[in-house]
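Residue numbering begins at 1 within each chain, and the chains themselves are lettered A, B, C, D and E in the order written.
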Amino acid sequence: MAFDPFWYILLYLFPQYSGTLTILQYILQQQGNVLMDLFKIIVFPGIVFVSILSLFAEWYDRKIYARLQNRVGPFHTGYHGILQPLADIIKLLAKEDIVQSGAEARSLAAAPIFAMTLSLVMLMFIPVYRSAGIISFEGDLIVVLFLSTLFALTVILTGWFSTNRFGEVGTARAGMQLIAYEIPLVLSALTPAIIVAYYYSVPVQVNNYLLTVYGTLPVTTIPTTLFSILTIANITQTQATIGMPFILVAPISFGVFIISLMAEIEKVPFDVPEAHTEIVAGWQTEISGKKLALYRLSSDLEYLWGAGLAAALFLGGPWGPGWDIGLSTLDRLMGAFPWGYVFGTIWFLVKVFAVIFIIANLRTLFARFRIDQVVQGAWKYLIPLAFLNILILQAVFYFDLFGWQSTYYMLLWIAYMI
Amino acid sequence: MAVLDKLVTWSRVKSPWVFHMNCGGCNACDIEVIAALMPRYDIERFGILLVGSPRHADVMIGTGTVTRQIAPRFKRLYEQMPEPKFVMAVGNCAISGGVFAGCYNVLEGLDKVVPVDIYIPGCPPKPEAIIDGVAKLLAKLQGG
Amino acid sequence: MSQKRPKLKPSLKEDERLKAELEKAFGDTVEVWIPRAKRMFIKVKPGDHRKVIQWMRDNWDLQHVTTISGVDKGDTFEIVYHLYKYQGYRTYPNVKTEIPKKDPKIETIVDILPSADFYERETHDLLGIVFENHPNLERLILPDDWPEGVYPLRKDWLPEGVE
Amino acid sequence: MPRPAAMEPELLRNFPRKPFTVFYPFERLPPFEGLRGRHILYLKRCVGCGTCAKDCPSAAIEMIDWPDEFPQELKNKAGKVPKVDLGRCLFCEQCVESCPRDALEMTQEYELATFDRKAMEWIVDMETE
Amino acid sequence: MSTVKVPIGPQHPALKEPINFTIEIEGEQVVDAKVRIGYNHRGIEKACELRTYVRDIYLLERVCGICSHSHTTTFTQGVEELLDEDVPRRGLYIRTIVCELERLHSHMLWLGVAGHEIGFDTLLHYTWRDRELVMDFLEMISGNRVNYAMNTIGGVRRDISKDLIPTLKKGMDTFRERCEYYLKLCSEEPTVLERTQGVGVLPTHMARKLGAVGPTVRASAVDMDCRKDDPCAAYDEVPFEVCTWDSCDVFARVAVRILEMIQSCNMIQWMLDHLPKDEIRLKLKRRVPEGEVLSRYEAPRGELIHYIKSNGTDKPERVKVRTPTLANWPSVEYMLKGCYIADVPIIVASIDPCISCTDRVTFVDVEKEKTWVWDSNQLRRYGIEFYKKKRW
């Protein structure tokens, strides 16, 4: 419970009630973990926070998109139209929900709820204010990528159950796109993990070497086993430790990740499943009212998830330049209030909106691909590119171009001297 | 639940999505409707989006003379829109048949097919006039 | 002071040459007159239009059918094939022929000039002229459930409700 | 020669610029001279001949008997005035051109949206000058 | 593998206008295409015979909202020829200027729509932004943005004032610059090239055989342009070139249209420089002597033909309108064979279809409702049959 920001915030805001709060905290500590987890899941950085943030992100995206086209975009709803996505959602929620007679009503009703749940769960894995998300366990990177595939599956189910001709075409296209783009997405998402693996394999190799030569270890804090590299928390933490976001190490992977992410969230050059001019609205054609509201919200959430994951894997997540000395140190320096959390959140937001800017810019820049070009593009260019970056990294590690190995030997040497 | 009602009304006023249908006229009104969506007037400012499926729409914009062949289709599209829904008749052909009013195959106005909420005269109406009509419709929505 | 534009009177030399060619090939069976430059009206007997058009295609490399107009002249239909010759000297030969209204049948020219396809179908729709041997003489413009035997552009048919 | 993202410089140039948009209901461009809006009728000049009604391409003008609310002292010999159905009018200005006495004129008023079909069937503005 | 018939239209977001295609597909590839027009019949040809010449001008102006000036130009110059009168030169020049401005706005509109069809909305927004310039000029000159009502029998109705000329000339400079930019953009942007090059190829011999007109045939390397071949209005005095392109695909049509816009800008500037001092119109009598005339004009979409037959009264005996779009449908049927579903919108759009132009004749009352694309029962039945056939 040491790092829970909730109590710090309360104590900071109401110092006069510190006694009461301390007693309350004591009581809560008996049941506290459960409540605190609930708070995290529901309020911050859980459902409420990400929902508001995703609506804000949609507004930001639309605004950037409009400004790049020399327009204004939403303007008259709230300050510069900031409430526009919210108004859309409320309106859709209040609208009549039509299910046409040919459709499977129950499956159709279940699909958007499924999509919504999935996207919220996916966002739980994104680190917002510290290196780990709300849910964090070993190998969660694989789980989160798997969940994103499931999200695409709900799209396919919706198109399927709505028994609309355009829906079917959209579904088929969504499936084809899914098959094509899952592979580069996973490959490029695994590149940071490979870097982490290498970074931590250096001390392990060295330790093994020392063990075989001397029989003892000079510094006991050095990890002796390879820890889980497929964990988002470790990847963000490593970037903080090295003090370098992985976009500098693997720029090609970042590009591939963004492009396949755009295919995953069906944004313009890859919006073939809902291509407006070709197949009306694709899989969404027959969806109306509340279901459409849920789909819109969940696609916003997925957008945010994509941006957040890109930020966590390639841009260092909540860690920023200058803040890599560790949160506890910082907090000790700055007093009781967890400034580190605040700055972490700010860094996270900055990075997410930078990624959204990139995606919005790319949306304005290209014409829609044809479905065969989409699939070809994935297999011909993106997958080889993803492999290429991995190969380059392997070469870099082999020849120790970053100098991690030599640095480590140097540190060991200094330790011996002392 | 007065507050909730107010919230819903607010959201409806702020986010009218339109579905545009040419009932068989010349293209003049259509290009003016599209022109209203383009950078010069950009009615996305009001939260208006042009959607492709009537299921997503709140406001239906009908342009052009309503030919007898298209009238039943228009009616069915109208029925497919979820409640609450509004119809805008843009241009004189959609209001009364306009210059084609004599031709017997032309229904004299969209209101012969579906109830029309607002009429925007002009041949074609300027994009400003269309926005003015939209604003009037939204003001009416907010009021009642 | 107004600058009157000089009357557009280009030379009709080329037109006259083409006219002479036509008259040499067909003699009295065709009647050719040139109202102004680049326009040529050719009146032929109902059966002869194919022959003339084929001759034009073979000799003048004429492939473009601009349109086919049908005019209701009371007892007869006048069919005008507006052709466009844009190889060499560019001109508009209009082949005119008349058929009786009671039995409106005429041989198709689709096998000679494929671009006449749509226009023959259109004329068939609107005036009820049957183009014999047309490969696909079905409805193009009128709805499928249009009553048989009603042709909107005939003069004896007036739509209800017209002022 | 293909050049990926060929539009990027243009986009980035336009991004910081002021948008092209006119905030229409709140700010408006001045209408151009000669814009054809709705009609006004100069009652004094109208002789009720009906040329405008005859030439109207869409038969939007109908000659009606002198209405009661119009000033009776200006009543012309024919006792007729044109009634314009703005829901039919093409705003082509043929009536203005046809009028032998220049009694009809077009204003620059174009924001004519109404909720009521009947409200469009009348020339509200009339000048008695 | 069996083929599946997919109807596109009459209401479809790509088309904006009611028309119906029946496309036979095999997977994602189109095997056969059939065009069915007629959702837009209003009965103009019949109505023309029942109205006077003066009223016909405005009726024909509404054949199509985009090429409205073309229709009136063709009609009025036909009637002027029947009357055997010469229009004052200034009137002809102003008519031609409006013609060219209309061509500019129509081609720019088309470029945006083409961008929209391939999902390039930014191009749509930028082109329509620049198009507003031309729309403003048209409004300044004529008083309306779309249906200008400029032409009348015997000339034009409004003059171009002296103060307007510098503005127009400057505007044309800006516009030409933009056109050059778009030409560069379209020939450089790889996604645009991917979607347009080698798509919808119409070889030269096929274009001639199928009777294509306008930019479609010029993009197939045939230099057919009525403005040059048979000059009307002031085109015999204005210097310009006929633009052609020889790659015969959708990209060629894009290029031809942009090149034509550049030519039009030059022509407008030339005409404004050489605007004669003269009257703008003649007052002509309303009765037209008996006769027949074939009036031609190169509308933005291609050659437009009016065949007018008069009978000595103030109403025409017969007005036959042949719009360029009708002439291009056979080419579309040809081009669609063998393409992908995703290419259907851009191929159809590449001829700049103007359905309202094409369907202008009367049709009889249709009481019986027909089954329709959105009908859910129909759809379900279709779906069941679809799966029966597919079995996957």
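By definition in this document, a contact is a pair of C-beta atoms (placed from the backbone, for glycine too) under 8 Å apart; a residue touches a chain by one contact, two chains touch by 3 or more.
Just so it is clear, the structure is predicted and the values come from calculations on it, not from any experiment.
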item	value
Count of contact steps on the shortest path from chain D to chain E	1
Distance-maximising chain from chain D - centres being C-alpha averages	A
Cα-centroid distance, chain C relative to chain E, in whole angstrom	23
Chain centre separation in whole Å, for chain D relative to chain C (CA means)	43
Centroid distance [mean C-alpha coordinates] between chain E and chain A, Å	49
Shared interface positions of chain B, touching two or more other chains	38-40, 42, 45, 52, 69, 80, 98-99, 102-105, 123, 126
Touching two or more other chains - residue numbers and ranges from chain C	143, 159, 162-163
Per-residue overlap in chain A, given as positions that touch at least 2 other chains	66, 68-72, 75, 276, 280, 364-366
Touch list for chain A against partner chain E, complex	68-71, 100-103, 163-165, 168-169, 268-269, 271-272, 275-278, 280, 364-373
Residues of chain E that touch chain C when the two form their complex	36-38, 41, 43, 45-47, 50, 81, 86-89, 92, 208-211, 222, 224, 229-230, 236, 276-279, 293-294, 296, 303, 305, 307, 309, 317-318, 320, 322, 326-327, 329-330, 359, 361-364, 366, 368, 370
Touching residues (chain side chain E, partner chain A) in the complex	6, 12-14, 28, 115-123, 125-126, 129, 189, 191-192, 194-195, 340-345, 373, 376-377, 379-380, 382-383, 386
Residues of chain B defined as touching chain E within the complex	20-32, 34-35, 38-40, 52, 54, 64-65, 67-70, 72-73, 76-77, 80, 93, 98-100, 102-106, 123-124, 126
Residues on chain A engaged by chain D in the complex (per definition of touch)	66-72, 75, 361, 364-366
